[in-house]
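To start, the structure under review is shown below, and the notes come after it.
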Amino acid sequence: MGRVGPDLRIRLGGVELPNPVVTAAGCAGAGRELDRFFDIASIGAVTTKSMMLEPNAGRPAPRMAETPSGMLSTTGMQGPGVDVFLQRDLPWLLSRGGRAIVSVAGTGVGEFGELARRVSDAEGVSAVEVNLSCPDPGAPAGRHFADDSERAAAVVRTVRSHTRSGLPVLAKLAADVPDLVALARSCVEAGADGLSMINTVRGMAIDTRSMRPAVAGGLGGLSGPAIRPLAVGCVYRVHEAVPEVPIIGMGGVRTGEDVMEFMAAGATAVAVGTTSFSDPSACARVLRQFTEALEARGVGRAADLVGAAHGSGAGV
Amino acid sequence: MSDNGPVQIRCPVLNVRRVDAYYAITVVAPGIAERFRSGQFVTVGVGGDHSSTLLRRPFAVHDVKPDYGGTVEFLFSVRGTGTAWLSERRSRDLLDVVGPLGRPFPLPRDPVNCVLVGGGSGGAPLFPLAQSLRRRGCRVDFVLGGASADRVFSALSARRIAETAAFTTDDGSFGTRGRVTDVLGRVIEEARSDAVYACGPMEMLRAVTAVAGSRGVPVQVAVEETMACGTGICMTCVVPVVGGDGITRMARACVDGPVFRGEQVRFDDVGTIPFDALGAPGWKGSSAARAAESARDIA
Amino acid sequence: MGRVGPDLRIRLGGVELPNPVVTAAGCAGAGRELDRFFDIASIGAVTTKSMMLEPNAGRPAPRMAETPSGMLSTTGMQGPGVDVFLQRDLPWLLSRGGRAIVSVAGTGVGEFGELARRVSDAEGVSAVEVNLSCPDPGAPAGRHFADDSERAAAVVRTVRSHTRSGLPVLAKLAADVPDLVALARSCVEAGADGLSMINTVRGMAIDTRSMRPAVAGGLGGLSGPAIRPLAVGCVYRVHEAVPEVPIIGMGGVRTGEDVMEFMAAGATAVAVGTTSFSDPSACARVLRQFTEALEARGVGRAADLVGAAHGSGAGV
Amino acid sequence: MSDNGPVQIRCPVLNVRRVDAYYAITVVAPGIAERFRSGQFVTVGVGGDHSSTLLRRPFAVHDVKPDYGGTVEFLFSVRGTGTAWLSERRSRDLLDVVGPLGRPFPLPRDPVNCVLVGGGSGGAPLFPLAQSLRRRGCRVDFVLGGASADRVFSALSARRIAETAAFTTDDGSFGTRGRVTDVLGRVIEEARSDAVYACGPMEMLRAVTAVAGSRGVPVQVAVEETMACGTGICMTCVVPVVGGDGITRMARACVDGPVFRGEQVRFDDVGTIPFDALGAPGWKGSSAARAAESARDIA
């Protein structure tokens, strides 16, 4: 009808995405399953499940438990290994016209570098996301790279140096770290072109019938709308500290209004995670709702929303 | 977007009935009805838009009819919050349904003899299967079990469709007291069964697989693992399954299953990562295995 | 009818409570308002709003926002000051037969000591709870005592030394601290007889109509069932580290089953917080449901549940 | 537990009606009806047991009747999730209601002339008040305003109960175009009003207080602050109010209000902590003030 909608384009590091709605790592496979419910090329990008160097069988079942407005999960990054992904899944996604943000998960700093090299050598990747919520073999059990700003920076530095220039490196941060803002600064100093946040938050549920933890291994990762206020708070604080760095905000996004909320807090793009489990069409719906919300408010450019909630009175 | 994959629709409830210990809900869902093959399931959003229970609930499809362009029926017992909410639905309420999901039961090419074994609500998916088999000229025998008489699923329809129908209950209130596997061997022999199809709790599937295996009869089992997404993207529903290549993989019950060949499911290792599974600590990656992996299709 | 129910008594430090259900600080005033809905003496104890030395006007409105299965709040510990509490509210509660856990909040280490001294001098207090989620004037803005195990220990040490012996001192911990287990150990070494956890978790919501943070001041504290998995995980981890130390578990308790869950994770008592806002009879209902759950499972002593989920397979 | 405080009951819905832009819900709640005094409110749980919206919604009581042992009616417009859910309730559904809450309107001892000023749904609590005043022989005049004709609350009943009733709308679709304060001065003069009662948005209450104050007429206002608990325990609903002792306190709208004397509410400082409020940075604690504080009762 010739009507011109709002300009949805956003820039993440050197790369432009047609709109700010992307999938969250581990919540969309590599896009193929969701493409049965909506056109996977219509959203900003697919962030893949975190890829490891070798095939990985993950954690034993039960791997999930439902919690109030959220869920706990512990999949242990099961996957076929990065090479299978690059040979089988990435070409499919690109052939469909989709964009890929490839998440990588190493078992050590060196492995992150090797992962980055292989991903960087593949054609057509839009960005590399570094999952820093991976166990650090050099730290006490249960500690992730993200729990130590120095170790996180070492990973980011290695990934950046193994990634061809022009391909943005995004550091994926967690909320339950000793000092989020310090972590964000370290990652940026180490060469991250952008930040993704937040990963799941460590938590537990106990099945009161069996009196055992509801997911195998005890602790799981909490995700879903329950954690949205935590996530929005993290994005707000990090955007305040490093306003020039693009952020992919995520954590419980369910509607177009939630995208507005994350962008106002300082996110440049927004990822849909757990909601794709309960609503396989969610990404497309959220993008539509977001577009309508912009139109209703007469906002011409999505990018203008970034950080809108900052300013006098909102300081913390 | 592909055309024969699952669809997501808000469908009106046609009716909700009590059937013994179960509720049966029929929804008008032409898109799902026309795509459905027996063994597949649907997932249903529960609690409404502002519910604190986020995840969809999976249910096997019990019946598909051409009325109103296509209806889909599923049966369930009330277990927790989601099924309690579903039991309170009324005609004309809208349900958010995704389906059909999962791999269907493979059907024999020839008119062979099939025995269908169901435990509790696990009987549900066997009814559309029985009809498909009958349409192909197969002989169908039923073995249905349950804790008590009111949990033995649709005994009447089973008698109507099948050549023979045997029933077992834990408390002996109906049919033989005991387990389905207590009568299965006899049924297989009397009916000269060529194939077994089973659906129910993991323990039952293991036992059915053992009974059928000892008689050299192939089994298809439909498993019920906890599922967060039902569409293959969350990796929470995994079961250790041996592939044709001899490699054990943590297979997704929702898209790689729910139907597997019984002898391929490593029942003893359910709830663990077998040491030799692909990507497990004991697995030795070979480039050949990796090449095989990359050639596999994912759904 | 002469039927003997389960033994609900539990011990917190040297003090015995008739049952494990208490109120959470700041979610029950000093008991008077809730006593209109149930007999305030019937529950284990009332944990009071955190008392400061001087009257405190708190934070500007809006002070709350609803979030999925939770709420954000920022009351800034408004209150009349400890003396008014000791003269007006405490005598009322004791006269009704209730038990008081008095929460204190200082603006500095010394003030915590003075608060402890005054509370300790009052008759009839059951325990002192030290709210460590108070701004530390010696640290950068926004940092609480709980964010620094050393500073937290200094507060606990001072409170312990100003509190008469026999009166238990409980350290109230937060989940969003650099190292919860280290914090817990420091507080116990500094003399805490027990630990309470978790306080609200820092988060934010943005009103997408005004594009401003929904509570004044930006960050608020997230509470309610949304945070229960975080809280259960914290109790589990701390009980694993210091199994001999009694814990008051809290965070999103809504039903008797939730009490079971916290106790299985390692809590000796369990506090009801936000749920009292939505259901003023909640404490009594939760206690009834908990008692029924014990009976249904044939558990004779509530105290036997403590830590039941620990053991092989549940490790993290 | 005291006897004349609020109660919490699961009450059956008697009916849900549309009234112009509003919904009116009547519940059977004898315990609340018998305790109610005008100006008080109820809070209602929304969304059911597994809702993600935890907090109760506050509504002024619009009417109390002796039918079925005692019914309570409240009116609301759909704003967000909670009111949308309420608008879908049907007869016989159960609602979890707490009430009556808050301080009621103080009633004059003598049969004086009262003008009742309501904005939008703020008109609701004025109707039971009008009846109480009439019973005491007071003259009642109404001034009701709203955005448009369908938001002017119960114009017919107002005309029926009151000596005079004036209406204003922002868009001029009914009564005078403008605000209630545009006509209030005239009404006060013509009716020789001795007292003003007002309920509506904070801005309106401020303006009404100013108009009445300039004529030396005392005003009682009922405020609507966001409330997490409604029972006085959460401290989220505070408004700066000057006490009889001249000290400003952050008063809880739910138990110290919702009714305050208009001139005691520091309207200009709503949404802030006035510098000189009790316990604010600028407040100088005196032992006398503290002693006064400790003598005050809390509810």
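Some notes on this structure:
In this document, chain identifiers A, B, C and D correspond to the written order of the chains, with residue numbering beginning at 1 in each.
Please note the rule applied: contacts are C-beta pairs under 8 Å (C-beta built on N, C-alpha and C of every residue); 3 or more make two chains touch, one makes a residue touch a chain.
Keep in mind the model is a prediction, meaning the values are calculated, not measured.
Listed by label, the chains that touch chain A and also chain D are B, C.
Distance from chain A peaks, on a Cα-centroid basis, for D.
Between chain A and chain C the centroid-to-centroid distance comes to 34 Å (mean Cα coordinates, whole Å). Chain B and chain C have centres, each the mean of its CA atoms, that are 46 Å apart. Multi-chain contact residues, meaning those touching two or more other chains, occur in chain C at positions 68-70, 216, 224-225. For chain B, residues that reach two or more other chains under the stated contact definition are 52-53. Taken pairwise by the contact criterion, the protein chains are fully connected, each one touching every other. Residues of chain A touching chain B in their complex: 26-29, 32-39, 49, 54-64, 66, 68-71, 73, 75, 78-81, 83-84, 87-89, 216, 224-225, 274-281. Against chain C, the residues of chain B that register as touching in their complex are 52. Chain D makes touch with chain B in their complex at residues 47-53, 81, 85. Those residues of chain D that touch chain C in the complex are listed here as 1-2, 5-8, 45, 52-56, 96, 98, 225-226, 228-229, 231-239, 249-250, 255, 270-273, 277-280, 283, 285, 290, 293-296, 298-299.
The touching residues of chain C, when paired with chain B in their complex, are 68-69, 225.
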